[in-house]
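Presented sequentially are two complexes of subunit A, the first with subunit B as partner and the second with subunit C.
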Partner chain A sequence: MNDKHIDMRNVRKIYRFFTLDDVSLALEPGQIMGFVGPNGAGKSTTLRLLMGMNSPDAGQIRVLGHEIPEAQAVAKRDIGFVSAEMRLLPHTTLGWHMEFMKSIYPEWDGGYAATLVKRFNLRPEQNARSLSLGEHVKATLLLALARRPRLLILDEPTTGLDPVARHEVISELMDVLRDESRSILFSSHNTVDVERISDTITFIDRGRIVDSDNKEDFLERWRRIQLQLPDGVELPALPNIVKREVDGQFVTLTTNQFSAGLRSLIGPHVTHVHRMSLEEIFVANVMHHREARAQ
Partner chain B sequence: MSVVTRKLIAKELYVNRWFIVGGCVSGVVSVLIAATGKMGFNVGALTWLTTIIATGVMLGLYGIMNERKEHTLQFVLSLPLSIADYVRAKMLGLTACFLVVWLVSSGAALLLVFAKDTVADGIAPYTVLLCVFMLANFTVVLCGSLHAQSEALTSAVIVVTNMGVSIFMFTVAPLPGIEKYLSGPAPVWSSTFWTVLGCELAVLIIAFTLPFFLAARRRDFL
Partner chain C sequence: MYSGINISQTDARPMYLQIMEQIRARVAARDWPPGKELPSIRALAAGLNVSVITVKRAYLDLETEGVIVTRHGKGSFVAEVNGLAGELREEQLAEHLQQAAELGRQLGLTEEQLAERLRRAQRQTGRKE
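After this line comes the complex of A and B, so read on.
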């Protein structure tokens, strides 16, 4: 039996000016996946496909064991979806939304909802139209979290938030992660947020998945190596080098498969080996794949 | 019908409560104005027509188009429902909102026709046809708004249906089976009346049921 929370296989979605091509994703129970890509990479399209809001042209999608989009009504009972774009219904208050959700979801946790109202400094009597962007995100997150869903799908929830609101949202998500049976798919182009909460990271660019791995493995695999080559010395052919920058005697190599073997292959000319931040890995990864595709 | 669909129908009635109240008040006030005399009848009839048309347009625009434009549709579609459930809830919910205003306004208009001596009872069949036409017109607006992917297309549907009201009034009123009895002391339900009513009901049924078969099967709703 397939017990993955998300199982997306070879999905294709064609638009007039954009194609999501051969996208496969797998999210195990309890896993937190950061879904990172530049603007227009296909993150939101992928998440909407997972929610059944759009249908794929090819491929298969199963969420919480249910076929999507066919069985989306059943699957969505256990999915909390939050998007930075999402807005609450007009002419209603947050309190009305909380009552509305309570009437739909039997698992609604009123106590937890009240705690989140306080923690996020929201007012239930506040009209939806008067909420700021940050308050909207916190309100939709509250409505999603208080249902205690098994799967959270978050589409750039921290985009456009001020640092304090971002901290509040991320802190709450980290709190949610204590429940190990829940899983989260978190899309963002902010690698700092993703690095804080994710244990698995998938990079997407121009409609294609470019890399996917455990966060620690990403951080271990990628290195920037600086070397100084004496005159007349040339580097041997090296495997797994995604970028080579030369400035006179100084050479900077970026590798996606760093190992002791690679270091010994380079020889004694290495001056520094730098660990890379997730943002640096993301940019190098995307640029490498763009160049590879262009060739 | 699922719980979510029922809740969404109730949600439409709640979210559009001010349109409904405003529409009902405006409809009744228009009829009261129409009861004040010949000049008042013309003014009242015009505001009565405007009330029903505007209510339909506002419900189509705010209930469907703005939901998409203002990203509240994402919130609704994140609920445990299918696209077909959403379309069903939208059609039933918005129609229920319109029906409240339509029933109050149409009822008030017919009451005026039968209760006021200065208004000939013979106008009743034409009033019924006009009321049913506007109900059919609303279902066309709703159907068009649910199918249209763009604001421009929805606006085009609204413009065409609005023009339809004038065209209807100028083509149906002069029909021999209608015009002949307009000033009569008693309503005459002629064969022309039943033919026009049949056409209106056919349009209404088609426009109301089409989204259940087409929009409900749309692969992309965002």
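After this line comes the complex of A and C, so read on.
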């Protein structure tokens, strides 16, 4: 019995200049997962493997219960895939695309499509060549959403959008999640969006998963601790410190496993304990793993 | 947007705490009376554009505090406990008095000067009513 929407295990894919190695992902129905990594980390490669556009060299992939890439045709009926690179066909209109989708997908929801046209402020009769980048993104997203797929896989859906368009797109994604049988996987390097709407977050760097957890636990675990140590006072050995910066008496510790126990271990010299934003956690996490791998 | 609850990106507190505080304030003010049904977790998440897990966390903690009760399969409601709103106001008062004491100390006011300022504030509030 496996009702996960995405179940990717120990996947490897070797290219000439890049290797994706030991990548595992799990997405439950009703959840949004933010997939975060620097440029070239392997985000798009991973999403393309999930869509069966490439075959893994090792490991297993199941999407909506179907083996990928073998059963991709069945799985894709219920997946909406949008990448920031997608464009409407030149010399056509959004309206033409909507008619086309309607003719091949029985689940096409014409009423919802019309609502989205209004909310996204699009004009179905406009020629694709005169659309802005943001309009292309919103149009391709509309074409995916109006099919009402159970799973949305979105590659950088908010990249290149102005703040208003980003807000419109994010509201629409959250609306999808009112239905707890649907789920979304989206990649991004906009950590503000990810921090806001994701239930689980996975960090990837240089072809490997760096960390994956539910968002609240991520934010709860990481802390930056500032202390002032009088001359002659030494810190005891501390567990789970990923970074230690010393400037005279002033010490800044970054931990990925904060607890009351750790705080009392450090003793009375703590001046501040700060929570960290997802962006700070992401950078500290990636740097820590790069150092560990270099050793 | 749902009922004026806001998530501020410049507020350093985590989003679940911001949600808790605003719900507590509505309960304390009796805008949300005992027994009132709260929006479902998914509806509030969609309304605020924040993740389901964040709203879930806020509701769980509010339940632990006794501000709301969750009935399985039926939803969450403002707790019927007598005097709960009063307790919350009591806490708010304690917090504000502590802040006033701290500001008084920073301004170098004596105990009597600070007490006099409080009496003056009371007289002004009295006149308004």
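Note that the second predicted complex is superposed on the first by the 295 of 295 C-alpha atoms of A that agree within 3 Å, B and C clash if a C-alpha of one lies under 4 Å from a C-alpha of the other, contacts with A are read in each partner's own complex, and residues count from 1 in each chain.
Here, a residue touches a chain if its C-beta (ideal position, glycine included) is under 8 Å from a C-beta of that chain, and two chains touch if they have at least 3 such contacts.
These figures come from a predicted structure and were not determined experimentally.
S.K.: Identify the partner contact of A:Leu185: answer first if only subunit B is touched, second if only subunit C is, both if each is, neither if none is.
M.R.: A:Leu185 sits against neither subunit B nor subunit C.
S.K.: After superposition on the shared chain, which partner residues are touched by A:Arg87: those of subunit B (first), subunit C (second), both, or neither?
M.R.: So A:Arg87 only meets subunit B here.
S.K.: For A:Ala113, decide between first (touching subunit B), second (touching subunit C), both and neither.
M.R.: Neither partner.
S.K.: After the superposition on A, what does A:Ser103 contact: first (subunit B), second (subunit C), both or neither?
M.R.: In the superposition, A:Ser103 touches subunit B alone.
S.K.: Quick check on the superposed pair: does A:Leu145 touch subunit B, subunit C, both, or neither? Answer first, second, both or neither.
M.R.: neither
S.K.: Kindly classify A:Val11 by the partners it touches after superposition: subunit B alone (first), subunit C alone (second), both, or neither?
M.R.: neither
S.K.: Examine A:Val251 and indicate which partner it touches, taking first as subunit B and second as subunit C; both and neither are also allowed.
M.R.: Touch partners of A:Val251: none, neither subunit B nor subunit C.
S.K.: In the superposed arrangement, does subunit B or subunit C reach more residues of subunit A?
M.R.: B
S.K.: Quick one: classify A:Leu262 as touching subunit B (first), subunit C (second), both or neither.
M.R.: After superposing on A, A:Leu262 lies clear of both subunit B and subunit C.
S.K.: Would you check which partner chain A:Ile170 touches, where first means subunit B only, second means subunit C only, and both and neither mean what they say?
M.R.: A:Ile170: touches subunit C, not subunit B.
S.K.: Quick check: in the complex, which residue numbers of subunit C touch subunit A?
M.R.: Counting only subunit C, the residues touching subunit A are 7, 9, 12, 14-16, 42-43, 45-46, 49-54, 57.
S.K.: Any idea which subunit A residues touch subunit C in the complex?
M.R.: 30-32, 167, 170-171, 174-175, 177-178, 180, 192, 196-200, 214-216, 219, 275
S.K.: Help me check something: in the complex, which residues belonging to subunit B touch subunit A?
M.R.: Listed in rising order, the residues of subunit B that touch subunit A are 2-4, 7, 11, 14-18, 62, 66, 70-72, 74-83, 85, 219-222.
S.K.: Within the complex, which stretch of subunit A touches subunit B?
M.R.: 48, 51-55, 69, 72-74, 76-77, 79, 81, 83, 85-92, 96, 100, 103-104, 140, 144
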